[in-house]
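If you scroll down you'll find the structure; I have some questions about it.
Labels run A, B, C and D following the written order; every chain starts at residue 1.
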Amino acid sequence: MFDFSIVSSWIHGLLTGFMPEGLAIFLECVVIGVCIMLMYAVLAIVLIYMERKVCAFFQCRLGPNRVGKYGLMQVFADVFKMLIKEIITLKNSDRLLYNLAPYMVILASILSFACLPINKGMEIINFNIGVFFLMAASSIGVVGILLAGWSSNNKFTLIGAMRSGAQIISYELSVGLSILTMVVLTGTMSFSEIVEGQADGWNIFKGHIPAVIAFIVYLIAGNAETNRGPFDLPEAESELTAGYHTEYSGMHFGFFYLAEYLNLFIVSGVAATVFLGGWMPFHVSGLDGFNAIMDFIPGFVWFFAKAFFVVFLLMWIKWTFPRLRIDQILKLEWKFLVPISMFNLLLMVLIVVFGLHF
Amino acid sequence: MNFMMLVVAVITAIALVVAALFIAKAISPRSFNPQKGEAYECGIPTRGKSWMQFRVGYYLFAILFLMFDVETVFLFPWATIVGELGVNGLISILFFFGVLILGLAYAWKKGALEWK
Amino acid sequence: MNIKDRILEIVPEAQFAEQGDLTATIPAESFHALAERLKNDKDTQFDFLLSLTGMDWGETLGVVYHLESTVYGHTIVLKTMTADREKPELASVTDLWRAAEFNEREVFDFFGIRFINNSDMRRLYLREDWVGYPLRKDYDDSLNPLRMTNEVTEDTTEELSVDEEGNLVNKTNVLFEDKEYVVNIGPQHPATHGVLRFRTSLEGETIKKIEPYCGYIHRGIEKMNESLTYPQTLALTDRLDYLGAHQNRHAVCMCVEKAMGVEVSERVQYIRTIMDELQRIDSHLLFYSCACMDLGGLTAFFYGFRDREKILDIFEATTGGRLIQNYNTIGGVQADIHPDFVKDIKEFIAYLRPILKEYHDIFTGNIIVHQRMKGVGVLTREDAISFGATGGTGRASGWACDTRKRKPYAMYGKVDFKEIVYNEGDCFARYMVRMDEILESMKIIEQLIDNIPAGDYQVKMKPIIRVPEGNYFASVEASRGEFGVFIESHGDKFPYRMKYRSTGLPLVSAIDTITRGAKIADLIAIGATLDYVVPDIDR
Amino acid sequence: MEIKKPKIKSMQYEDFQDNEYLEKMVAELNAEGTNVLLGKLDDLINWGRSNSLWPLTFATSCCGIEFMALGAARYDMARFGFEVARASPRQADMIMVCGTITDRMAPVLKRLYDQMPDPKYVVAVGGCAVSGGPFKKSYHVVNGVDQIMPVDVYIPGCPPRPEAFYYGMMQLQRKVKLEKFFGGVNRKEKEEK
């Protein structure tokens, strides 16, 4: 199995060979920062392109195909245009909060993005309480949304912000509980250890019934966390025109747009890591030849493949279901998902305590 | 190293926004007219204030969330070692868990989970 | 029971017209009492105010009421007038028929007639600062240049009411308090289906009150008609409710043909009926698409549009137009059907039947759809009749109001089809009525398509038509309700007054009643299932 | 640097009916001259803008239905990247005036236009928006949106066919491709204090 830490320590050795350690570390940090930024931008563009193509095929259409081959350059053109679009200054807004909101949203998504283990030895932030940190980091995002809605001094944005306040934080509970269920199974909160622990089988197979329930609950709640249909209430197009980011233009809006897609990826990435084995290849015990072939595929390919599979699932849901109403959303969370995940947690504890898992 | 990476990520996030906004501000065209900065409300001037007292319904869920979230935070450390603690760990946490479920049941019965 | 005798018994001074529909002219002072008797008496029961038309007869200003009984099916036309052109005042009938609320505002807007006891005497279509009353014959358009200032919306309304001593007093009613959280939904909003504006007073997500504002697409078609010859007026009717273009035009043609006593050939009747039903399917498919989109199910939107294109192809082959076809003419149709017409329609029906099942699979059966639509936005039968909410909306409330059954025209008397009636009156019933009507329309087309008789497609007509003096009313079942045409002719080549009974105006006037206490998301679902077309409301 | 005739992928330059006005624009731009670097930057910016024209969801009447048909499966405007119809003018690049503009609507439309960020484009769709169309003589209809705001492209028809919409939109793309950004064309409006 390819271990990325070999590469990073090789680079570190190379750099410290001809420059002081401090400078080398500084340089590495800069490189990592640039890498995060690039990966962030590229992933967002890939996801937007994917969304547009996937929904086009669901809807018997072709999707973008004029800009570049197969419309590959379409999203680049969009991002580029947004970058050179005017940023409107509002008259009666709360300037500070209005300008702060995109920072919060981007900060939340980059911090949680940095937690994802992409390959063995290739996780940027690797805390021993990684799961916990990720949940904390991602919940900053809702602050950004609330700020955006509140500071714009617009009635639609305010309703959008209030909706997201009620919705996103409610669903955080289910996300937390379903991940907690898996933490009970894995016995660790560090992402890298969670993945390592799945060498002999992905968690969703190891934890069987409660793991599958937790996976489903997580998918629903995660979908709601990212404000995507059928839970796209905070930005319900046909109700609140554009929801909480109604008053944002140009790149300001672009950040919300990018963050929305990146959050989709983060939710999928966490699902892939916690439930589907992260960068761990698919192994079937006993079939050594098969396992060797699977090992040959690098870990980051596995990770992205799994993450994009979950992304596709979520897109499928988004383009199929109509939107829920605010009271139904909260009812679904508090009267169904929370009790289910609580009992699921108990079930998992029982299974772990009595050693009934694989 | 990890905490340094955390700082790197934070700086990256801020740098990304600052850089993009800088480019946008520097080269984007600009036009001015008296209506541009006003609030958008389907093309009609806004009536009254947008910032006013808002219904408590939204906050109720926020408060409920806070209660449950804080309690699940306490569950996390236990969850990592429940496999080692075995049955004792399960029974001792059941009391805590019972309180949690009772809390939800109480909120449910009180009608706090209904959207009004 | 003779209605004429009954009216004479109540108001001995009533006069009856010689020509046209049965019309009684009633003095203004005894009008309200008569209207009350006609509505409440057991054997008359005129509970449905079909149409309320303002008139300018030169010396006098007045109103024409078309009444119908949903119990007995009989109709009557009442006229009342006032000679005071400076301060015209007539009694309001809003206490009897709620449909009058918006219609009287329309009359006030166009003619300046103030209705005593109507609590809401504001302009309906024009800006508050509009000068003069455009449909009066002496209106001067130069007083109203294009105003580019933002319109100031008042939060109060004027009422002309009668105090205890019987004197007329001006009263001010408050629409919205200062403290209320009032949000404008529309005119530019993806879910208002055009440029309708709802001022919505919210409490959190709950709607406390809603106030519709029309007129953002008021094009003054009725006024323009007064200076157009009859064949010329046809061009504008297509653009009223563009999803019922055929049916609108059918109504106007029928009304003029009725006035002239022209018999159109059987072939024309067949073609018109088939085209009307195709148009209905087209409109209902669009309804399905838009309802899905408004509820957030975007994929279903594309399914509906995909299949709608097939109808447009059929239209295009025969008429040359996709959306607006300009097909019906007075005395016939513009051109004979395309040689492939029959074949195309048969193929289309064979194609659509299984597809409809797919629609139900992807959208109707979805649990979220049920949750969003069932029990939401209930319109009772009484309200539906009182507001005059015809079409799918009325039938979803249990009111069998299909004009095709009530007053059969064209081939509808001879084909076998079921009138779809649901009793729940909620969004889901309104949705299902339309989905089921697609099936019934296909059934009608199937019965007709094979036996289109040979014959002329156009009766020879003169280019300039003079309709004999009198007033005439004809109505058809358009895609979204009863579309009526009222023509008063003074024997000229131009109509003296031409009024369309809008199918959408009653729906919009009922929206406050339906949405009270609902949520914002429900408003969208209600708006989608009421299925109004804004240019048809504003005319 | 010489500014060339705008090329777009979907249709040959010669196939367009009215190239004269574009050639006039090209000649005007060439008369002033630009240096190569700025010219290349302009090309890049124009490529981005012309390929990402997001319309505002705005329709008043019949043409709006054809606009929806344009977005639907058969005509699929997503191919050109037009499908991201934004309901808020803050995020839209162009406003397609689909349908009649009445006296009451005119200030609303103007307000929406004012609230859009630069660069913004206007397409007048249908007879009504172009000139008042069949309702030209009405007391409550604006005779063409060009009376209240600058229009970039006119699409005649009542309502125009979806193909006509495309033709007009491609004309707009070509026009956008001829903009000169680094010469100050877009910065004409200055703040009024």
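Worth pointing out:
The criterion applied here is as follows: a contact is a pair of C-beta atoms (placed from the backbone, for glycine too) under 8 Å apart; a residue touches a chain by one contact, two chains touch by 3 or more.
Small disclaimer: the values here were computed from a predicted structure and weren't measured.
Contact counts per chain pair peak at A-B.
Taking each chain's centre as the mean of its C-alpha atoms, chain B lies 48 Å from chain C. Centre-to-centre separation between chain C and chain D, using Cα means, comes to 35 Å. Residue numbers of chain A whose C-beta contacts span two or more other chains: 59-61, 83-88, 155-156, 162-163, 237, 241, 246-247, 250, 326-327.
Shown for chain B are the residues that touch two or more other chains, namely 27-31, 36, 38, 40-46, 54, 57-58, 115.
Taken residue by residue, chain C touches two or more other chains at 150-151, 181, 183, 187-190, 204-205, 301-302, 306, whereas all remaining positions touch fewer. Chain contacts here are complete: no pair of chains fails to touch. Interface of chain D with chain C (complex): residues 56-62, 64-66, 68-69, 72-74, 87, 89, 99-100, 102-108, 110-112, 134-135, 137-142, 147-148, 158-159, 161. In the complex of the two chains, the chain D residues touching chain B come out as 88-90, 108-112, 114-115, 118-119, 181, 186-192. Those residues of chain D lying in contact with chain A across their complex are 9-10, 44-45, 47-49, 51-52, 73, 76, 78-81, 83-84, 86-88, 90-91, 93, 115, 117-119. Considering their complex, residues 2, 4-6, 8-17, 20-21, 23-25, 27-31, 36-42, 46, 50-51, 54, 57-58, 61-62, 64-65, 68-69, 72, 75-76, 79-84, 86-87, 89-90, 93, 97, 100-101, 104, 107-108, 113-115 of chain B touch chain A.
Looking at the complex, you find that chain C touches chain B at residues 150-151, 153, 155, 176, 178-189, 197, 199, 203-205.
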